[in-house]
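For clarity, chains are labelled A, B, C and D in written order, and residue numbers in each chain start from 1.
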Amino acid sequence: MSVAAANASASPRFILTLGCPDRRGIVARIAGFVADAGGWITEASYHSDPETGWFFTRQEVCASTLPFGIDELRTQFGAIAHEFGAQAEWRVHSTAERRKVVILVSREAHCLYDLLGRVTSGELDVDVRAVIGNHAELATVTRAHGIPFHHIEFPKGIDPEGKQAAFAQIRQIVDVHEPDAIVLARFMQVLPHELCAAWAGRALNIHHSFLPSFVGARPYHQAHTRGVKLIGATCHYVTAELDAGPIVEQDVIRVSHTDSVSDMVRKGRDIEKVVLARGLRWHLEDRVLVHGNRTVVF
Amino acid sequence: MSVAAANASASPRFILTLGCPDRRGIVARIAGFVADAGGWITEASYHSDPETGWFFTRQEVCASTLPFGIDELRTQFGAIAHEFGAQAEWRVHSTAERRKVVILVSREAHCLYDLLGRVTSGELDVDVRAVIGNHAELATVTRAHGIPFHHIEFPKGIDPEGKQAAFAQIRQIVDVHEPDAIVLARFMQVLPHELCAAWAGRALNIHHSFLPSFVGARPYHQAHTRGVKLIGATCHYVTAELDAGPIVEQDVIRVSHTDSVSDMVRKGRDIEKVVLARGLRWHLEDRVLVHGNRTVVF
Amino acid sequence: MSVAAANASASPRFILTLGCPDRRGIVARIAGFVADAGGWITEASYHSDPETGWFFTRQEVCASTLPFGIDELRTQFGAIAHEFGAQAEWRVHSTAERRKVVILVSREAHCLYDLLGRVTSGELDVDVRAVIGNHAELATVTRAHGIPFHHIEFPKGIDPEGKQAAFAQIRQIVDVHEPDAIVLARFMQVLPHELCAAWAGRALNIHHSFLPSFVGARPYHQAHTRGVKLIGATCHYVTAELDAGPIVEQDVIRVSHTDSVSDMVRKGRDIEKVVLARGLRWHLEDRVLVHGNRTVVF
Amino acid sequence: MSVAAANASASPRFILTLGCPDRRGIVARIAGFVADAGGWITEASYHSDPETGWFFTRQEVCASTLPFGIDELRTQFGAIAHEFGAQAEWRVHSTAERRKVVILVSREAHCLYDLLGRVTSGELDVDVRAVIGNHAELATVTRAHGIPFHHIEFPKGIDPEGKQAAFAQIRQIVDVHEPDAIVLARFMQVLPHELCAAWAGRALNIHHSFLPSFVGARPYHQAHTRGVKLIGATCHYVTAELDAGPIVEQDVIRVSHTDSVSDMVRKGRDIEKVVLARGLRWHLEDRVLVHGNRTVVF
C-alpha cells in the first residue's frame, strides 16, 4: 500500500530501512524485535546481494500496534542496526510526517506540471515548499498552485563567480526547508560538487535519455543521430559525476524513422514525467536503498 | 511531422484522407493529381486491407506548393474520391485551421489536467472551447486556463427525463462550437444513442481497461478480482454499444500481487492520460481512418 | 538467484512456502525458527493481503547451513504452518531434487521447441519425462532430444466416449511420472473436470490471448475482428472453467492495422513462448502461491 | 503481409525499394509507372526525411499483374531510379526467390536454436546454406536440421596471422553461397575490416545490450555494474567500427536489484532472440533501407 493510502487511512505506519553486511539471523532479529513489541508488520522486503555480501531490508509496521512512539523506535532500531554494523544506512520514518519537497526547474513545464497535478489530486501527498527556477517562465503555474516561486537568475556568459553566487542563493532557499527531496525537474544547470555533497541521497534528477547512453547535453539529438529505435528517461540521484549517480528508475518508448528530433522530444516528455514521478514516490516512501552506485528499490 | 510542428513552421500542410474499395491505380491517380498541380508531398501513407478489399490513404501536401486553396483542393480531390467510390470516407483539412475541442469530465482530474498541460505548453495546438462537467470539481482548474466551464447537474436517482434534459443541455453547448473532437475525459455518464449518432467519428472516450476486457463500471476492481498481471487503457470512438466502438489506441502497465485496487487506479491513470492524449492527437491530425468497427492509424 | 544457478553452485537450497491467515509475529516465528537452527536465508519474500487477510511467504535457505535434512525440516516447518492455520498451503522443496515435467502438445511446434531449447542449454534444469501429442507431428523433434513421445489419437467427430478414453490414456502416462508440472504447450483439447481436479495446481496452460479477453477458440481472429492495438498471451493454472484459472503471467505485443490474422499469429507466438517459459520457471521454483483465483508471484 | 504468407499464397510479389534525394513527383512517377504497366500495388511505404532531404520508398507489387518479368522490371525501375539520382540505393526482388542465409555462431545456442525453429516451422521461409562456428558445440543441433556445419578453429592466444587465416576460411565458405544475409548469431569474434566491407549491408549482428550503451565485451556485466533498470539487445548492420553500425531493431526487458549477472544473461537471451529474428525478417523482406548510419524500417 502506498504512503498516500496509508496516510488516508486512520493508521500511520513506521517505515524501517536498513543496509548492512549480510549474516545469519538478521531477519529473525528484526522481525523478533517488532513481534516482541507487539508490532504488526504490514509490508516486509528483504534482499541479500551475494556479490557485495550486503543485506537490505524495509519494513512497514502499523504504528498503533507498537507501545512506543517514533523516538523510542529510533533508539531501539538504531541499536539493532549498530549490532549489525550499519553505520549510516538505516532510517526510521513515520508516514504521519508529511514529506517536504523543493523543486528546481528551468523553462520546460511538463515535469513540474505533472508533479503539481499529482500533488493537487492528492495522489502524491507531499508538501512542496518551493519551486526555484533559473528562468521566470514557470512562476505563474507554480503560484497558481499556492506554492512560492523563486527566480534565481544565472549569468549568461562564462562567469564562475556569478554562477557560484546563484547556487549559493539556491542553497539558502532550499536548506531552510530541510527537504526530504530536492527534485531537478528538467533543471538544466549542473550542480556544483558542494551541493551534490550537501544533498547526497536527497537530490533526484530526471535525465532525458536511457542512461548510460547519451550523457550530457541534447540527448534526443544524440539519439536521433545514432538512429536508436527506443528512447528513454532515467531518474537518478545526483552525484559529482554528471549523469552517473545511482539509478532509481528508467523507462523507454519506441521511436521510428518517422520521428524527427522534435517528435522525440515530445514523446520523451511522457516518459520523463512518469519516470520522475515514480522515482520521487519511491524515494519518499523510503523504498530506495543506495549501496555504492546501485539502488535496491523495494 | 506533427501538426504542431507544421503549424510552428512557416508552412501549413493540406491533409488528404480517403478510404475506398481497392483497385489498381489509386496511388498513381492521387499522387499524379498532386504532382500535376505542382504539390510537394511531405508524408504519404497507404494501406490495402486484403480481407475487406478496402484501400486507405493519408497524404500531407505542403500548402504553398499548390496553385490553389483548400476549397479548390476539396472540389478536385472530392471528384477523385467519387471516381473511386468513396462516399463519405474522404476529407481535406488544412493544418492552418486550428482544431476545436470540447471536453466532457466528471470528478477525476488527471486526464483533463494532462490535456490542459499539453495545450498550455503548445504541444497540443488546439482550441479548447469548453469543458463540461456533471460535477463542479474541475471548474477551478479549467477556468485558471482561461477556458469556460459548464456545470450540468445530472439527476441523482433513476430519472430518465432529468438525464435526457441534462444531455440536451450538453448537446446545445457542444454543438454551437462545431468541434472537431468531443473528448470524454473520464466522463462517467453513458451517452444516449442520439448523441452517439450526432457525434459519430468525433466523440473519443478513454476507458480505463484493456478492452474488450472489463467493459462497463469499475474496471480496475474487475481486473483486481481476475488477478491480471497487466492493466490497460483504451481510447475509442463512442458508438451506441457501450465500450465497443472502434479502438484508436491502447497501452498497458504491469501490476503484481502487491498492487491493491487503489494502486491499480493510480498506476492506471498514467496509462489513461497518455493513451487519450495520443488518440486525440492522431484524431486531430487526421491520422485515424475508421472502417467498420476497426481503425487504420497512419 | 534462480534454481538453475543455485543448482549450478555447490550449495542447494531448501525452499519454504506458506499461505495462512495473517496475524502478528509470523515473520518473526519463521525467521526465528530458521535462525535458531543456524540456517542462512538467501532470499525471503513476504506479502500481506489486506483484502483477504491472508499472509504469504517464500524463503530460500542454504541447505548446508541447517543441521538436519529435508524430512526433519518438513516436520518442523509443517508444525509451524499448522500453528498458523495453514492446512494445505505450505511446501518444502530442495533445489537438489530435479523437477519432473510432462508436456502436452498438439500440432503447433513453437512452445515445445522453445522449452526443449531451454532444457538443452541448461537454462531450465528440469527432467522432461514425456511429451504427449494428440497429433504425431512433434514426435521427431521430441525424440531428437531423447525424450519419449506418446501419440494419443483423439476421435474426429463428436465422440464423448472416445475422448474420455483418450484422456484416460493420457492420464495414465502422466501420473506414473508424478510430475511437478503438466504443461499444456498449445494443447488444443479442453481437459475434462476430473483431470483438472487431479492435476490442480500443477497443470499450466498457455492461452494465446490477454485474458480475460478472447476466451476459447481462435483468439487471434477475435482480436483482429475487435481491432485491438495490442495482442497478448496468458499462462494460467488449469481449472474446470475454460481459460478462467489463476493467472501466473501475461505479456503483450503491439499490432497495427497492417497486421493480418496470420501476422498476429506469428507475432503472438513470440509472446506465448516467453510467457509460458516464465510461468513454468516460477512454478518450478515455488515462486507461485495460489489463493482463491489469484496468484502471488514472489 | 509477410514474405512467408506471400510465398504461401499463389501470388508472388515484386518488391521495389529506392532511396534518393527528395523532390516533387517521385511518388507519382513510381506509382504511375506501376499503374501504367497494369500493376497492382499491395503495400506501399514512403518516407521523406526533412533533415537529410532524402526520400525513401518500398512497394510490393503483385507479380502476376505485370506484363513482364523481374529482369524487365529491374531495367525499367532502374531507369527511374537513375532519373531521381539514386546510384546504388535501389533494389528489385521477387518473393518467389528464396533468400539465402549463412549463420556465424560461437558457443551460445539460443539465437541459432531460435532461428532454426522459425525455419523449421516455416515461419521464416529461408534457405540456411551453412552454419559456421569457431567452436564445435553447435554442430549437432545444426546437422540435426539438415544444415552443413563448418568448424573453423580460431587461435587461442594473440595470433593475428592465425586469425586472418581463420577469417579467410570463413569468407570462402560464405561467399560461395552469395547469401542475402550473413547473421552473426552471438558470434563472439570481431569481423576484420575487409569482411565488413565485402558484406556491407548484408551482415547482421545481435549485440546483447541496448546500444550505444555497453559497447564491446561483457555488456551484461557492464549493465549490472551501472545498475540499470532495463537491459536490452540491438540488431545492427556490421560496420568497421565495433557495435556502431546502423541499428535495425532494439528491445528491452525490465530487471531489478534481485537480478544477478546470470539472471540478466538469462533474461537478455529472450530479447536477443526476438530482436535478431525481427531484424533478419525485415532485412530479408527488403524492409530496411540504410542511409548514412541510420535505417528506415518500412
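As a working rule, a contact is a pair of C-beta atoms (placed from the backbone, for glycine too) under 8 Å apart; a residue touches a chain by one contact, two chains touch by 3 or more.
Since the structure is predicted, the reported quantities are computational estimates derived from the model, not experimental observations.
Engineer: If you take the chains that touch subunit A and keep only those that also touch subunit C, what is left?
Structural biologist: B, D
Engineer: State the pair with the higher C-beta contact count; candidates are B-D and B-C.
Structural biologist: Of the two interfaces, B-D and B-C, more C-beta pairs touch across B-C.
Engineer: With chain centres taken as the means of their Cα atoms, state the distance from subunit B to subunit C in Å.
Structural biologist: Comparing mean C-alpha positions, subunit C is 41 Å from subunit B.
Engineer: Taking the mean of the C-alpha atoms as each chain's centre, how many Å separate subunit B from subunit D?
Structural biologist: A distance of 37 Å separates the two centres.
Engineer: Using the touch rule from the top of the page, what residues of subunit D touch 2 or more other chains?
Structural biologist: Those would be 1, 43, 50, 258, 260.
Engineer: For the protein chains shown, what form does their contact graph take: line, ring, star, complete or other?
Structural biologist: The chain contacts form a complete graph, every chain touching every other.
Engineer: Enumerate the contact residues on subunit C facing subunit A in the complex.
Structural biologist: For this pair, the touching residues of subunit C are 1, 24-25, 27-29, 31-32, 34-36, 38-46, 48, 50, 65, 254.
Engineer: Going by the contact rule at the top, pick out the subunit B residues touching subunit C in the complex.
Structural biologist: 47, 49-51, 56, 210-214, 225-230, 232, 246-252, 256-258, 260, 293-297
Engineer: Within their complex, state which residues of subunit B touch subunit A.
Structural biologist: Residues in contact with subunit A: 1-2, 4-5, 43, 109-110, 113-114, 117, 120-121, 123, 141, 144, 260, 262-263, 266, 269-270, 274, 277.
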